[in-house]
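Labels A, B, C and D are assigned to the chains in the order they are written; within every chain, residues are numbered from 1.
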Amino acid sequence: MEAVSQRAAGPIVLEMVAAIVREQGFLGEIDGKIGDGDHGINMSKGFRLAGDRLSDGDGLAHGFATLGDTLLGDIGGSMGPLYGTFFTEMAEALEGADPIDAVRFSAMLRAGIASIVDVGGAKVGDKTLVDVLDPAQAAFDAALERGEGFAACLAAMKDAAAAGLESTRDMVAKIGRASRLGERSRGTLDAGAASCNLLLATLADGLLRELRRGA
Amino acid sequence: MEAVSQRAAGPIVLEMVAAIVREQGFLGEIDGKIGDGDHGINMSKGFRLAGDRLSDGDGLAHGFATLGDTLLGDIGGSMGPLYGTFFTEMAEALEGADPIDAVRFSAMLRAGIASIVDVGGAKVGDKTLVDVLDPAQAAFDAALERGEGFAACLAAMKDAAAAGLESTRDMVAKIGRASRLGERSRGTLDAGAASCNLLLATLADGLLRELRRGA
Amino acid sequence: MNRVINDPDQVVEDSLKGYLAAHPDLLAATGHPRVLRCAGPKVSGRVGVVTGGGSGHEPAFLGYVGPGLLDAVAIGEVFASPTAKSFDAAFQAADGGQGVACLYGNYAGDNMNVKMAARLAAKAGVEVKTVVANDDVASAGPHERDKRRGVAGEILMWKAGGARAAEGGTLDEVIAAAQKAIDQTRSIGIGLSPCTIAAAGKPNFVIEDGTMEVGIGHHGEPGIAVMPTKPAAEMAALMVERIVEDLPFGRGDDVAVLVSGLGATPVMELYILYGHVDEMLRARGITPRHRFVGNYFTSLEMSGVSLTVTRLDAELERLMARPARSVGLTVLGS
Amino acid sequence: MNRVINDPDQVVEDSLKGYLAAHPDLLAATGHPRVLRCAGPKVSGRVGVVTGGGSGHEPAFLGYVGPGLLDAVAIGEVFASPTAKSFDAAFQAADGGQGVACLYGNYAGDNMNVKMAARLAAKAGVEVKTVVANDDVASAGPHERDKRRGVAGEILMWKAGGARAAEGGTLDEVIAAAQKAIDQTRSIGIGLSPCTIAAAGKPNFVIEDGTMEVGIGHHGEPGIAVMPTKPAAEMAALMVERIVEDLPFGRGDDVAVLVSGLGATPVMELYILYGHVDEMLRARGITPRHRFVGNYFTSLEMSGVSLTVTRLDAELERLMARPARSVGLTVLGS
């Protein structure tokens, strides 16, 4: 059965931090088109802080817990609670699971998404990060149900996340700051969806690498 | 003995009001050079109000009392108390004097000037209206002492007032707003001295006319 | 931008030092750097009352901490919601075993952070119930009241809730009093010039000189109309009308009225506006029983005004009159 | 200019209507439209305390009328001395047979009008004695203290005089207490942006963005230095140094400290400044016993701050602590 140990997956959290810091400018730029342009700053401030608090050898659950804790503790506004609860819930879902397999990953993702929806109240089609998370989860679970392996599930999730991000381009924002623009919000990617796609892709790539390495 | 009745002199107050209103722009302009440019407005506001309160047939003492009262009651800042007490004290000095002769006029002027000095504390050379009043009084009294008539005394006063105004041009302001400029206040006439010269000249011209008419 | 600051990213930290030094009789530090509590003994045997919000609105929010008002406050960056953990720490600081009433304003970030914090607090055994202020009539229509923002009306909600807690009311009673207060409250603002977050260095919105933005939000959120600046009497008429129609207030009502400057409006102008408001309310048979005029809920150095009116029943009247002491509002016992 | 006014020439009248409507518990009209007195029964059997000055400094001057503070106030046009008759009417309104203490600021117009008014009052049988505030260290050197202007330190002078009058002090005792308070008080201001008198329609002085005017007067009178705007900590150091050297305050002194915004400075910035001031005074062994931070004495919408420090002896400490109630300052009894 395909699985990755907590310890092997741990460094992926730092890769997610690096990805957010690297794409800070891009995230800010698309937020600037229909929002207030601070999404890159907000995200990289929180992720950088969390990265500083992690050390070599921390497992994935610990990494997510640290990310969640830092976002809830140091980032106000909307990103703190949304991504904060996302990572906190995922960390809890990973508790005691070592190694992590596809079933556990699916449960983890479900817990994370449920809490974001619970806190933020966004639905698919509102032009938020939920438009990345929801299809990503659906693709992962469908692959799992078809009996595919962890790696194939992750690959399916990654593709669906990217498509989900692209789907936000034609949406009219229904929630958050951009919703005030109405029709004018159409034609641009959503910033939160972009950061979310980046995080899921980095997570999938890291796990795929470790799966390959373990095989 | 040369003298003018209260009643005949009364209309001169309205001529003083008219003179101030007419020269409002000029007074504001010279105040603007080394002060805050409001001397014309301040003066014409008060004098106009007093003018509105006067009726035909009011004597000179009543006119001065109304002027003084209005300035004290409706004009804040420095002009209210300075010219207010000036006219109030002159009105009191004229009380019961009918007709007004040169001796009485001299006493009147002395009382007015004393109260301005008392309230404002300015000395000759400070570049204020005292630089008009003091030489004007001195010239009037000198003529009187030489045994000249009321008309000659008034003419001497008028000339001295004009010379007094001109003398302020080369002075450095020692008191009031302009004193902050130090040396830079040199080279301009003093606004208060200008209004004071205008008032004394108008008063002298009016009395001279009445003296001629009475003769 | 020409300001009395050090590092623009440290304005909140720096100002909190000043608050603690200036008001040790009212404000005390807690273990959390972004949470202050009421000085003196910890809340015990009664409900604790908490709020929180972004900085830059001083004296709101921390200036309303004090006896008879708030027990603790969570403090965010300038114009940004406090973190979930800050709210949680404020709940812990205000808990005296009878639960905590969190009375805050309807902003996306605050909603989420309070919700998260209430969960954290529940795990620690602290019961939290909330009231969400939505008094700004300009921020959404009357049929979407849940979308409306909370503005200066929050102060009267805090007063009601704080007074009810001081009376020894249960958590449900405190929540009910605060909810009633905000349900009976309507506000509207007019903006005359923008403001600048020091860390940003330039205004993030524009108001042309000679125009006014009716219905502006406390962070410069766009209002319902931009028009040439009207005389104070017409501003008052516009604001009173909009508010009175929304509730609707009627002949015989007693009200509390609060006119707040947004930061840079000369105080004498707040009174010019109040004079008209008072006259217009009375002309409609509405009597201002409690009157507040000043810089009660600001937006940095924005210029403009907000008007808040609360309809009082016997309970709210009693709660408004109860003594309270804080930096922003002191009510003497009668 | 974008303001909450009607006719620019009527701003004083219009705002007084608002004051009377908003604070009937504190302020009452008199027979003179530019004079307000403390609400309630007329002063009787004790000394009356009066001040007066130009408008635009709200809450000064009328905002300090109330029990334990001022009994009546004469109100001038914006930035212009009240008339002699206004001062006289204020004296009459505050006279309770024991004489009147007129505690005002050192400006040419005020000096003359008070002098004239005292004469008018004397004719009507009312004894008036005066104290002239001159706390602004930047307005003249230490050897010309009689040329210095009165600024926010007037508030502490009123507090001392008002408290002494409330204690039943004689006219000479009230005057002595107020004189001592102002003798022990030093202030200095820093201006960061000019202000506009509505009737004039444009600023009558300039402060370049990025520069600060140290020692600015309350009407924009030029200060002692224009320099690039410094961080708040350096502003505080500059102000504290100038004040402490002037009196001079020393180790072991107890003081009252007042930080006032000039109108448009965000409140949080006043606290940033206060934090530094408190720290710097304590580092010199000087202890702030009474602390006031807020918009206590403004200049319309000028931006900037003023710092005032008063050295307290046992009598002044007692007078500061006495209860007082007014729009601008409330001190609860202890």
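Just so it is clear, contacts are C-beta pairs under 8 Å (C-beta built on N, C-alpha and C of every residue); 3 or more make two chains touch, one makes a residue touch a chain.
Keep in mind it's a predicted model, so treat the numbers as computed, not measured.
Touching subunit C and subunit D at once is no chain at all.
Subunit B and subunit C, compared by their mean Cα positions, are separated by 58 Å. Our note on geometry: subunit A versus subunit B, Cα centroid distance of 86 Å, whole angstroms.
One inter-chain figure worth recording: subunit A and subunit C are separated by 35 Å, centre to centre, where each centre is the mean of the chain's CA atoms. Within subunit A, contacts with two or more other chains are made by no residue at all.
Counting only residues that touch two or more partner chains, subunit C has none. Taken pairwise by the contact criterion, the protein chains link up end to end in a single open path, with no chain closing the loop. Every pair of chains that touch is listed here: A-C, B-D, C-D. Remark: subunit B residues 36, 72-78, 80-82, 84-85, 119-120, 175-177, 180 touch subunit D in the complex.
Subunit C meets subunit A in the complex at residues 54, 76-77, 80-86, 108-109, 112-113, 115-116, 120, 204, 222. Interface residues of subunit D, counted against subunit C in their complex, comprise 1-7, 11-12, 14-19, 21-23, 55-56, 58-59, 63, 190, 192-193, 195, 207, 209-212, 229, 231-233, 235, 263-276, 278-279, 288, 291, 293-295, 298, 300-301, 303-305, 325, 327, 330, 332.
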